[in-house]
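This report concerns only the one structure given below.
Chains: A, B, C and D, in written order; residue numbering restarts at 1 for each.
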């Protein structure tokens, strides 16, 4: 039977050319890996980029996982000029959460992780306010209050970077209302996931629900994306919308939107944790069920 | 029983103050009108604007509809400073359609109208190309080909205005790829309905599917709105979205989007024809079931 | 401004006849009530049943709310043979929750209520298992473990009824896996809200996700309804669905379905608490925004 | 570039065992086939059934497609005990449509096919009523009126079978209101696609919208499935739903439902035509984008 203990994932990006699927699947077969999920995408049938995600069972491997990595590098990834990674489902990713005052997205992530719904550990939660400390500490999770003012912003970021250094695999901004500097982002490329409270690229920047209300849209949305240097412009992982009417005030849009935010962020984080998301320039390839 | 023949609709906009519902409903009761649908909206509980839509049955009226209009003006609308209109469901609106080369939205409107699904007559279809003539004439509908070039744009608009003058109650732009001048719009205020092929305000202007593909959004959309002087900025009547993935090319977004466009435009047109849409500045109040 | 403190709700059911709206709205106007929301429904234009829900502001009332009730009974409800109730938004309903072992629906209700998202108090949670006690007591809510076996079922129900007696306005079965007896239901008519984990009337009874998986449906759903004597046959308040594919196992349907269950139950409970649901035989009239 | 002319599809069902992906992809690579789409599904990681769908480009084949079929049978399909088919996107399937009096689903299929949106030819439309003849003949499609009465049902079916014999690859029941006999079904196994106007398995049989209205559901639906001997029990290809309220009459459910029916049937037919649907007992595996 498939089991978390025996499940490995292989992600590949490389220049597209014929024979890659044959090469990779034959390699895995030779070493006793049983492929149980397979997905691929080519940006263009000729001369494009090729993306692949496989899940396989390690129970019948004829070598160790570490040896498999070495063989793969030598026999396949090297010759085919692949970017790749091979991860084990049993090795949970370490997820730091950054938050300001809104609790809805944070609570969803904490609650899901605690009950085993999300395959992660949470080494720390960092906030520029101290309001949500009791909620977080109740789960036995380490809380760090790092206030941010215009004057202290650089030092505050530095403090956060030091806390995070070497301790996390992914950083989730669960309604963290500070803009991260390019330096911060550069230290965690394609590893910072944000939830923006609008259907991007509509309503970039501050107060998107107020903007949405003023424009009179009939659907509000939320967008989860990787953070890049440009505000709200990073690769989109997931989006969703919710129907609204003329009867809803801006405050009601905000309340309704929170439910969309938390479910959109949850899916994006889950897919990232399961190695289902590959960044392709300013877009994502998302291999979902 | 309710019947189209006996159904009237009363739409009201006025400064909000206590007693309006009492006043209007009592007026109708006194003259034998049987209210069968009632909807209202106040932008603010005090000092805002009040919107009301009633449907009532005229079978038991103690006067003619024309007399009822006169009484209403004298007894209610005048004293309360109301903008209002009283329409009969049996009097179908005259709907002109303007189109360029894409047939999907046009065909939906023609087909729905012909089979009695939309309460409208179609006095004419106007196009800047002649491609869809056979499709339209097959339905026995008058077709007008008015080519538009940068040089002839003003004259072409004038020709269209003359054709439309006094003949239509609403103009639907079913993927008409020309921008109408402020002069044209001013002649038909809040009576021109457009379908824009994006989830506005994202991707204003040309080629929204290409823009959407380049941004890597996970949902594409369509927006139906009244046309104003500002491009793609008019009051939104209806919007919807469709899920897409990294596998879809820009051309596939375009094909998928056509289905959203036609269903969104259909709903917007239907609601307009049933007097369910009231423009409130740059927004709409839409009283739907 | 509208405020919870000043908001009252009037719900009415009566035989339909002309003039009801005029009568009720004029009555309220006379006593200084300012109507801020108004909804109505007639099952048939002639000879049917009439349902009405009004929200009004009590700030300008010329009498007390209690006196208004007396006047309404004497002047309107009596003569028109109305079933009716007048509630105050400021008087939170007392909501008991019954649960077995699944925590997702329970946690959503607790969390929403604690942060003020649901206008209720929770006097007690009752369960036939003791597993979720710590989760509930952490919120400072009273926990009652009443085990149920085939032999003790009648006594257990009696014990629950006594606990509930006079203490609650509504009972929510947040995945309570016991069937309540007709006697229990009769003590709380139209006041017990259940969440069933299928799109009723498909997959009535036990193990609906397994049933759904075996049938190969492409959407799974959840249904919230009032409990009646017939299993899963009570008036439906709200339903929703979630897309699934051949790749999902029955266990995965169960996990995905939990999100639908909790959001569907949340909406149904919210609408009940806001006096938006009226039972009409085996159906509901739901007056939502 | 990918092109319809060069696109082939390989569908495979076989007992699952390690090495299939390697075997098949290596086979294709050896003969110069360039895989551009790949999807697989295993019902169980061990001892289950394995399903695979590949798209590949034939431009670089080192043999003819016919020879490729022979090689595949000898080298792969035979040894691995595969059920399989290799189709060409350029060879449009022949689709017969059977219909009674409702035109909405029929018109969608005709319109889509005529404008090249569906890769099919339509050799004939068969109906037990003569009402829709002009609509169909206007498209230049052959119309066959075969009346059905209880007495003539067997003869009528025989007449239809003779018309269809050898002329069609798939039969679409676009609201054909007669139940087909087991004999008829047996002649076209897994090749008859029906649209049922409910969210199956809710509301099996006649008049589902009336049933839905009486039950007071908050969503209505439609289901497209392959026809088997058991009424409305065949493998489901696609389903969708539409939100409704207490305000909708049974007739309005019917009208709203028609839009769901036509879009659900369209998707099911499109997927069948593109060889995306594989029947797995009483379920389907649907490999969609």
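We take it that a contact is a pair of C-beta atoms (placed from the backbone, for glycine too) under 8 Å apart; a residue touches a chain by one contact, two chains touch by 3 or more.
Everything numeric here is computed off the predicted structure, so don't read it as measured data.
J.: Steps needed, at minimum, to get from subunit B to subunit C via touching chains?
T.: Tracing touching chains, the least step count from subunit B to subunit C comes to 1.
J.: Tell me, please, which chain's centre (mean of its C-alpha atoms) is farthest from the centre of subunit A?
T.: It is B whose centre lies farthest from that of subunit A.
J.: Where the centres are mean C-alpha positions, what is the separation of subunit C from subunit D, in Å?
T.: Centre-to-centre distance between subunit C and subunit D: 42 Å.
J.: Could you tell me the distance, in whole angstrom, between the mean C-alpha positions of subunit B and subunit D?
T.: Measuring from centre to centre gives 37 Å for this pair.
J.: Among the residues of subunit D, which ones contact at least 2 other chains?
T.: Residues 245, 247 of subunit D each touch two or more of the other chains.
J.: Along subunit A, where are the residues that touch subunit D in the complex?
T.: Against subunit D, the touching part of subunit A is residues 1-2, 18-19, 21-22, 25-26, 28-29, 32, 34-36, 38-40, 42, 45-46, 57, 60.
J.: Write out the stretch or stretches of subunit C touching subunit A in their complex.
T.: On the subunit C side, the touching residues are 103, 107, 111, 115, 117, 138, 245, 247-248, 252, 255, 259, 263, 289.
J.: Under the touch definition given earlier, write down the residues of subunit C that touch subunit D in their complex.
T.: 41, 199-203, 215-219, 221, 235-241, 245-247, 280, 282-286
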